[in-house]
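Let me give you the structure first, and then I'll get to my questions.
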């Protein structure tokens, strides 16, 4: 083997390495920031998440700001006493995923109840059912730590979910940076 | 040719194959979920879509939830009788793309009319004009089947549009997964 | 060197070229359309932007529609007289980033003030502080020219910011097309 082809072999090896790096930068992975706690947007996010997970795509959901209220468990209580402002937030925000409002035509709950009834009749899964399916399909959920702090929610008030972690924006960015699909809802 | 360079040739072939796959995973293609039926958001979505199509980027729009009401044709009627709830939705949702509301400062239509007049004076295309341009530029539209069912809309009520299909979330995910740009509006 | 390996060398060169192109199509870069002027959404956008910039990711923000009002400087005035409609927009839209409203539970400013106080107590940076950090970290801001025209804002009314330009949707699309992360907020 002469020097020329040695060089070529090294070039090919370098290319292989680079190509593997590129592949890892765009995995078959879906990253979503879920910011809203509107029933319709949570539903859309979960339909996309469950659809992707069913196609064997890795799914990572980053719940932040209002959306974290959709992950509360209304039967759980915080251990230590909350300050007045946190109590107000606790009272005013949805107590769990089955108590979300519509972003439009909510009409004091009439519009929302109407949509819920239509969904039932047409066998469209509710957000709470979707969340269970997401858990079964291995969809990962990260809850934004800063938002927990801001809303005054405690970890012991949140739902039981198999793949649930608390994380910061850096975790979302690292995940999103290597995902083939990223959305903000 | 010795065994060494044979192997190298095979390696190069494998690299070429892998590289082509990678390229197909990130086409010059824009995928958007259009969820909102706010006039301002539909306008933003169409400005981005038409801008991309004008630059020869493949554009695929997935209309879902509220947004599908922007694709109704107010002069068309459903063939079979609708149930009461579907009739209510039909009455309350925008009857076509020229009847959308602003997400902010709509003020019973005053704000929206003001923006429409300003747009006309400044030669900024309206959403209905944008949609026509999108059609001319080959922008593809998929309407979410589940949303059609949920809102009780019938296919015969929707606009005539050259590249219109009805699809599920799997179609969006497949398109988005190979698109260089993806947005949720 | 025989013809066979010459061809191989050319193939490897072609692969290297293609691979570099692919790498440039997915830079470590974050592109965001910022459409909303809700305090909570601007905050989320800036937390993501500053987080990415702190991790040495290139960040490009495209402010459009309502969001451009968050980049006004309330102490600056337009040189030439504005028409009546532009004056109305100027009066009704937020005068700077410290005067944004919450998308939910704003309650005539009570909810917003409550969140602002909680943020201060918990040492969470305000949107105005976030914007300063963004400037220091080299985050680039493009303001949508069409939106400036539509809202009747003049360049001399906008904030001083080190990396600020005025651009159209084509600029956003070119940036987003080569970014590893893209979001619409």
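Residue numbering begins at 1 within each chain, and the chains themselves are lettered A, B and C in the order written.
Note that a residue touches a chain if its C-beta (ideal position, glycine included) is under 8 Å from a C-beta of that chain, and two chains touch if they have at least 3 such contacts.
Note that the structure is a prediction, hence the values are computed from the model and not measured.
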Over half of interface residue numbers shared between chain B and chain C means same, under half means different, so which is it?
different
Given a C-alpha superposition of chain A onto chain C, how large is the rotation in degrees, taken in steps of 5?
120
How far is the middle of chain B from the middle of chain C, if each middle is the mean of its Cα atoms, in Å?
23
Quick check on chain B: which residues sit in contact with 2+ other chains?
5, 8, 12, 15, 19, 22, 26, 182-184
Residue positions on chain C within touch of chain A in the complex are 1, 5, 8-9, 12, 15-16, 19, 22-23, 26, 28, 30, 40-41, 43-44, 47-48, 51-52, 55, 57, 103-105, 114-115, 117-119, 122, 124, 180-185
Please name which positions on chain B make contact with chain A in the complex.
2, 4-5, 8, 11-12, 15, 18-19, 22, 25-26, 33, 35, 37, 64-66, 85, 88, 92, 146, 149-150, 152, 168-170, 172-173, 176-178, 182-184
